[in-house]
Every structure is written in structure tokens, then in C-alpha cells.
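Paired with subunit B in one complex and with subunit C in the other, subunit A is shared by the two complexes that follow.
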Partner chain A sequence: MSRYAVILFALWVVVLAATPFFAENYVVRAAIVIAMYSTMALSWNVIGGFAGYPSLATAAFVGLGSYVGAVSQVNGVPMVLAWALATLVVALVSLAIGALLLRLKGHYFAIGSIVLVELFRLIASSWSSVTGGGNGLNVPLLRWEPDDVGLFILMVMLALMILAFAMNVVVKNTRLGFGLQCIRQNEDAADMVGVNTTKYKVAGFMLSTILCGTVGAVYASWVGYIDPSESFQILLTLKVAVMALLGGAGTLLGPVVGAATFVILEEVVWVNFLSWNRAILGVLIVFLIFFLPNGILRTGAFSFLRSDGASGSKRA
Partner chain B sequence: MSGPVIELQSVARRFGGIQAVRDVSLKLEEGEVVGMIGPNGAGKTTLVNCITGVHPATSGKVLFEGRDVTRQRPFEAARSGLCRTFQVVQPFPEMTVLQNVAAGALFGQKISRLSQAYDAAHEHLEFVGIDQFADMPASNLTLANRKRLELAKSLAMKPRVLMLDEVNAGLNSAEINGALDLIKKISDQGISIIVIEHLMKVIMTLSQRILVLHHGELIAQGDPRQVVNDPKVVEAYLGEKFAKRIMGNDHV
Partner chain C sequence: MDIAQLVVNGLALGALYACMAVGFSLVWGVLNVINMLHGSFIILGGYLAYFAWSYWGVHPLLALPFVGVGLFALGYGLQFFLVNKVVRAPVLTTLTLTFGLDMILYNLMTVYFSATPRRIRLDLGSFEIFGVFMPADRLIGMLLALALTAILYYVMRTSKVGRAIVAVRMDQVAAQLMGIRVNSIYAITFGIGAMMAGLAGVILVLVFPTTTSVAGVYLGKAFVVCVIGGLGSVPGALIGGLVLGVVESFAAHYFGPQNALVVGFLLLLFLLLVKPTGLVGVRGYE
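Now for the complex of A and B:
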């Protein structure tokens, strides 16, 4: 296990947590977004990185979490309880869906998982008696000073990011992680050495969605308004996978590095090239994936972070 | 345990219109080494797949220590001690040699601590003689050593029955002799072994009994020297010249 990875991660958390005390609101907001995406990318890492199943269902479960949280809050459930409820519902739904979806392999699995995003969006926009349909939902606002809200949400998102990182560390160093890595490298052989591949994949998939549900619910409470097309974005799903790959899928720090790099790049491009930002961002991503196919952390400069050879990957 | 370790009762396997294995019944005793021969496509590998649950039998029964295991899944077979190696070696390419074997110990044997699994893995690597490569990625091994890795991986699962699907194919004769010694040592531990092989030298040296498959049917079984003389076997597989040579040499 890489001690450096844990120390670097702890330092990074401290830097992000300190932003409200020295920087303006814009930076605090960026820190929140970084923590949020890091949580999602770290979650994705369990299924996409360790098990090698490129899930594109992130947005489906983030959106589901948003809606469960928002609907509960609208119906009078206290905020924190609503977040817990969202987490629980997402866990159960992903367990049920995972058991079906993980019969697919490779590209078929990726396509099947991305369909979930669209499916959930359609349900959210059609079931208007509960979800408000296309009009969206207003979530009760936090009636505090704006700075306090920022600080509070930042701390919550950072806590989720720490949980997601801890989950990665635990998974990587136990049978579950070992089994998932066997599955990534040779699923038939994994079956033959006694790995219950279906159970392991479903467990991995479930772990990759749980905290996404919490993030969604917290996000809904933060922004105060959600609607189907914003909650279930294909773009979000792709972004999260790109972040993990950019940093280095299957490593502990990769998703964190990838998420931070991506968010900062996105902000810089947005600020400087307002009308061309999507195109420029796209070119940058293509460039990075082309020249760093194994992620930033697998370049020579970071070899000290790779303590064991178990996680090396050439496949995306 | 007195009964056979494995018993097949009229096992058949069909793939669409092709009958890959038909009506095969056989028994495997504890500690026995049985050779399985037959032309390419005779159904040898399919039979192993039926026993390990990769392609469950379409009819008939597979009994393992008296239990009906016809419908068990491959990972269940592996955990219960029905282990196999593949004709085409199947390592986890990016893991080290040690991690490959540890996987066998960890999941096949249900050891839950990684450190214990690594200790067990070292023992098995030493047994097959490739412990010096423990920290190398499995994909860097030579073919002969990859086959040994497959063996170590299977042994780490504490098998009751080991099915060796052409572990000697593609090896030179010095490597084959090494492999033969190894298989004998494994058999001495009381593990029942089914050897699938085209190299008659291997089959004749190791087997206490030979099974011959042809077009999915078991056309002969029994004492190696009798089977090799069986006209049906000579016609289907060995050829006249070879049969004569084996009999002429009296022993291989």
C-alpha cells in the first residue's frame, strides 16, 4: 500500500478545506466542485478502475440521489436524513440493477449503463406527480449567510471525498479488490480460481454508486433547484470517467488528480475562451488521453507512488 | 471415502446441432492418474468443461464425492476442489507471478488474509520450481514456466481432482521430463489427476488407465497397454505404425 498516496491526499484535503479562510467565494465554489467530482471519480474507480468495467451510469445515480433527497426534503424530511435516505435508495436500486446489468461485458456493459441515465431522466420527467416533471423541484434553501452555506457544503463534500478515498484504500487491500483485479485481467480465469465473479462485480458496482447518491442529494440541497435534464446529464457521466482515466484508473490518487486537473482546466478555459470553451476543452482532453493513455500518475515522474505492480493497466 | 471421487453417468453435451460429448460414463478413483486421448475435436476439453461447470452437461449426471455437481458454476467447482489448467494458458498477465498463485489460494481455498495467501503462494511456486520469478509480471514468463505457473495456481487451490489440459504441449523434451516429475510428485500427494495429452510418451509414463474419446464417444478405456492395442483406438487415433512401435519397444 502506498503511504505517499495517503499523505498527499491528506495534504490536498487540508488545502481544499482551507480555501474559505483565505480565498474568495469563486475559489471556494471551485473547491466544492473539485471535492464533488473527486468523490464521483473515486467511486467510479472501484468498478471502472479495479474491475475494468467502464460504467457510464454515474449520472443516473447522482440524479437519482438528487431526486430522492429533494423529494424527501420537499415532503418534510430533515436535510441530513434526506441525504441518508438518498444514499440508501441508491444502494438498493444499484444492487438490483447491477445484478441485471453485470451480465453484460465490455462495450455492451458501457452502453447498457449509459442507457440508465436516459431511462432515469425519462422517469423523472414523466412522473410529474412526484418529481414535478419538466418543471423541476424547488428544494428548501439553507437560510444561512452565503459564506456559511459555502463552508458547510464544502466540509460535507470533503467528508464524502474522504469516505470515497477510504473505500478505495480498503477495497484495494482486501479480497474484494484482489478479486476485482483478477476479473479485469481475465474474467474466465478469475472464475476458474474460485472468484464468484457475479457477486464481486455487483458488489463493485454497488460501491461505485452509493456515494454518488449522497453527492446528488447534497448537491440538490446546495443549489436549491433540480430538473430532469440537469440532474441526468450524459455529459456528467462521461466527465467522471474521463477524470478517472486522466489521472490513472485503478490507482488510489489517480481519480483525485484527474478530477482536480479537469475542473481547473475547465474553469481556466471557461474564463478565457467563453464562446469556444467546449471545443477547446474537447481538444485538450483528446490530447491528454492520446499522450497519457495510462493517466497522469503513470508517467515516469510519479513512479514513487506506484508501490506494487498489481494495478498497472494498459486498457482503458 | 470408498466410492469414486468423480463419477460421470451418461454425460452428453450438445452445442446447437453438434453433439460434442455423447453418453460418456466413467469413474475416477482417489489418487488415480488417468490419461485421456483422442483426435482433435473428440470432445476431451468439452468433457473437462462439463466436469468443471464451464459448459454444464445437457444430459446425464456428474457426481463429485457422491454429490450431484452437474449444474455447479465454475467458481463453485474450483472452491470444492475440482481444478483445471487450460490448454491455452490463462494467467492474470499484469499481476506478478506471486499474485497469480495467491489468487488461487485466496479464492480457491478461502484464505482471507492476503499475507497468508502470499506465504502459501511462495510454497507452491517453490514446489513447481519457479519461485525465483515470483516478482515478475506473469506475462514475462517463458511458455514452459507459464505452464508451471498454471500448475502452481491450481495447486494453491488445494485440489482433490486436477485436470491437466495439454500442459505439455509446446514444450521441448527436457521441459517435458521436468513436467512429468512434477505431475508424479503431485499424484503422490493423493490428488486424482486427469491428463489430456497428445504426447503418447507422457500418457504412457503417467497413466494407470487410459480413456479414448472419438467423436464425443468413449470408445475404449482400461489398462494402457491393452487400450493402445485396441483396433478401434489404432484406427481412430494412433495409427498402425505407432501401435507397432509401442508394442515393439515393449515399453516407452
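Now for the complex of A and C:
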């Protein structure tokens, strides 16, 4: 059982949820960002971790979610309904794109998925009648007390993070996760013994994007303004993959640990080295590749979690 | 604007794209690494030529060999000391590593060179043949790009190192058995990739204003050229570059310059799905 992982995750959610009651706004903001990135990294884990497909399309679907949410809110759709709509649109788009893109493997899949981010960005900036083009789009702000807005957005992001974690637990312990892990180990062999690889991969890809769409829409409502170059960033796409790798791709807690560690490091770097932040994050990434190639959770200190980290393949 | 003009514009642009992408294509084809640093190498080459020109009055053509040697050394060093250690890891690892290195290089360039768009203006005027209009600097850029690509092709065909690179691309294990030091060939290939990017950057700064923030755009072009032309071969990159140049030139005319890039990326996705070996690629080389 993944009992330890679930308990630790629950404790972490409680800590994050309690921040508005004991810490200042800056910390609450950081908690929201942590929950947001955890959701994305956990989502990425389904395709990148379990199936081992190097998907770099995260930012494309986060941005798409932002835009669908923002455009429908501007046109009078109530906020929560706009979030649901964004989720639905992202699910359908990723189903259609996944069915095409997942016929590719390795490098070609990586390039195809990263190009989606650029393609969506270009479409968002040239389709100005709907998206406002390069000027961006103002989203109706929540007209509450600032503290209430922070609390509300934090709870929503935490709910999404819990959903993403639950999705990982379910996927890991069902046929889908087993199939995806078979695909990671040897796709041809998986195909040979009767795993419907295309169906599994498309399902995995879709699951890895749905909550990204919701996160994007909620983020747009939170910050109140979106534009193409902020919404569709290659940097975001790689950051999410790096977070999952940092914690340990293919484990349940890895993406959560990675996202929290990365966001905290990033904050420290931003505060102390404003003009060098990009280079320092680059150094961190290089360091990660050489010294933590399997992630924090697969180092010796966390061996008690590892037994359930690898047991997915023994079940089912 | 008539068709001849669009084609000529496209070919001028395409020659530059070919020169830009040929190094990326070699690195991908031979090392199986998606080099996210490539865009920044292009910009670095352009900046070095620009500063040599503006501070010491060095003519860009004179700066060309020095930029080439400098970028080769940088690429060789990066591959020898860093990328070689993980070169056989899954694509995500090498892609992330080169992206991390790119973040460092990008940051160094924005801090030391600032992000102001820069261009070397040689004021050579322009001319017209058969009703086709062409600025002279652009023509020189095109010829230079074609010449550099041709030299690379010649070197790859005739030199011992060039043959060794091709051998490693075809079959790494067999190459090793024939006594080729694969890691050293990898470093040389990465060096050549960086060198071609830097040289393309010098040409670029003669033709367009160049700044760090467009590094990603040129990286994107390299993706498209590689997928059109197939990986790891000089003629493939040349054809890919010219095709993309002409396609973009027509797309910019009919759908607006903003959408030229969209058409390029759609072409990439389409080709990936129907013919991932590229238009002139050979099966088994992917």
C-alpha cells in the first residue's frame, strides 16, 4: 500500500491549508503557487513518470485553460462555470491532439509536444478578435477582501492538488497505471502481450492535461490578467518536468516534493539574486541531472517510501 | 508582390535557416540530443561579431573565423565535460540538461550584452534584377550561408573526421569497433553544431536586428527545418531550410507575417505525423 505516501501528503495539505491563519500574505501566495505547481507536476507524472513519455505540452494546456476560462468569463459566464468549461475544452482538445501526437516516440514526441506550446501561443496572439492578441485579456477580478480572495484561491488550488494526487493513486493501482508502466519498460513487448498501447497512452496523456486546464483557468481568475507570452511559456513546461524529476518521476510523492522544493528555491533565488535568477536556476537543473538523476525520493534517506514506489508493477 | 519576388525572398531567408539549422540537425542526428542551447549559440555568435565591429571596427567577414573557432571550443567543452556524461540517457534528461545550460548562457548574455536589439549596418544599398528587388546585405548573407553549408558538406564528405561522424551516426557500435573514439566524435560534432550556429549568427546580425529574446524563435526554426529535411545530413538541412524559407515567405504574404510561424509549426506537426524521416531522410537514421 502507498499508506506512508498518503499520510505524508495529507499532512502537507493541512500545513499548506493552515498558512492563511498563521502566516503573512507572502507565505499564502507561495502556498498557492506550490499547490498550483504540485497539481501540474502530479498531472505530468501520469504521462512522463508512469509511461515515460517526455511530454512537454504542459504549458500549452495550462495556457489553453487560462484563455478558455478568461474568454468565457469576459463574455459573462460565471467564474466556476468558466473553470468547468476550461476543463472540458482542454480535455477534448487533448484527446484529439493526443490521438495524433502519441503515434510519435522519444525525440519526435518531445519536439511535437513542445511545439504545441509555441503554436498555441502564436494562435493566441494572432486571433486578436477573441483573445485580445498581444495586448492580453483582463479577467473580471473577485471583488472581495484581498485576504478572502487568497484563502479562496488557496482552497481551490489545494482541492485540485488533492484531485491530482488521487488521480495518481488511482492510476497507479489500476490496469491503466500497470499498462502505462509496461509501456515505459518496453512498449513493443507491452503491445505484443495485448496492452492496447495507443488507448493507454492517449488516456494517460489526457489525464495529464485535464487538471492543467483547470489550474490555468483558476490562475487567470486569480491574477486578473493574461497574455500570450506569459500563458504559453516553454520555461513553464520544462519547469514542471524538472519538478517531477527533482522529486522522483513515477512516484506518488515525488512531484509534490519536487514542486515544493523548486518553488521555495526559486523564491529564495528571486529574492536574493534578481538579475541572476535564470542562471542560478539553470545551475540547479544541471546539478539535478548530474547528482540527483532519479530524484530526491530515490536517495537513501527515503528508502522507507521506496518499497511502495516500485511495487506498482508487482500488483494487478 | 509577384511570385518571383516571394520565391527570391524565401530562398534568401531559407539559405540562412539552413545554415542555422544544419548544426542542430547534426547534433540531433549523430548524438541523439535535442540541443536547446542552439538558439543561444546563434545569438552569441551574432553578438560577438557585433561587439568586435562596434568596439574595434573588425569587419564581420573578418570576425567570422574567430567566432567559428570560439563557438567550436565552447561547444566542444560543453559536450566533453557535461553532455557526454549523460549522452545515452533518455531524451528528457539531455533535453533538460541543455535547457539548464541554455538558461545560464542566456542569463550571461542578457547581463553582459543587455537585451537591446543590435544589427551591423554595412549600408551596401540594394539592386534590382528582372524586377526582383534585393538588398545587397541580404544577398551577401544568403551567399555566405550557402557557402558555409557547402564547406561543411565538403568537409563531411572528404575529411577523416567527417567520415567518422557519418559512421557514428549510422552505427555507433560498429564505429566503435572500427576504432573510432565515439565520445571524441560526439564532442567534435557538438562543437561543429555550435560553430555553425555561431557563424549563422554572424550572418543574421548583418541582416536582422538580433537580441537574446529571439533565441527561442531560431530554435523553433531549427526544429522545423530538421523535421522537414530529416536528421543529421547537410543536404537535408539545406532542403529543409529552403522549403521553410519559401513556405514562410508565401505564408507571410497571404496570411500576414504573424501567421507565417504558425504555418511553419503546422507543417512540422503534419510532417511528423505522415513522414517523420523528413522529405529527404533515410529510414533508420531517425
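Here is the rule we go by: the second predicted complex is superposed on the first by the 307 of 316 C-alpha atoms of A that agree within 3 Å, B and C clash if a C-alpha of one lies under 4 Å from a C-alpha of the other, contacts with A are read in each partner's own complex, and residues count from 1 in each chain.
The rule is short, and it goes like this: contacts are C-beta pairs under 8 Å (C-beta built on N, C-alpha and C of every residue); 3 or more make two chains touch, one makes a residue touch a chain.
What you are looking at is a predicted structure, and each value in this text was computed from that prediction instead of being measured.
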item	value
Which of subunit B and subunit C A:Gly76 touches, first, second, both or neither	neither
First, second, both or neither for A:Gly106, with subunit B first and subunit C second	second
Which of subunit B and subunit C A:Pro293 touches, first, second, both or neither	second
First, second, both or neither for A:Gln185, with subunit B first and subunit C second	first
More subunit A residues in contact [subunit B versus subunit C]	C
Overlap of subunit C and subunit B interfaces on subunit A (superposed complexes)	none
Subunit C residues touching subunit A - in the complex, by the definition given at the top	28, 32, 34, 82, 85-86, 89-93, 95-97, 99-104, 106-108, 110-111, 216, 220, 223, 227, 256, 258-259, 261-262, 265-266, 268-269, 272-273, 276, 286
Residues on subunit B engaged by subunit A in the complex (per definition of touch)	52, 73-75, 78-79, 83-84, 86, 90-96, 99, 102-104, 106-110, 112, 114, 137, 153, 157
Of subunit A, residues touching subunit B in the complex	173-175, 178-179, 181-182, 185-186, 188-197, 309-310, 312-314
Subunit C-touching residues of subunit A, taken from the complex the two chains share	48, 52, 54, 56, 100, 103-104, 106-108, 110-112, 114-115, 118-119, 122-123, 125-126, 234, 238, 241-242, 245, 275-279, 281-286, 288-290, 293
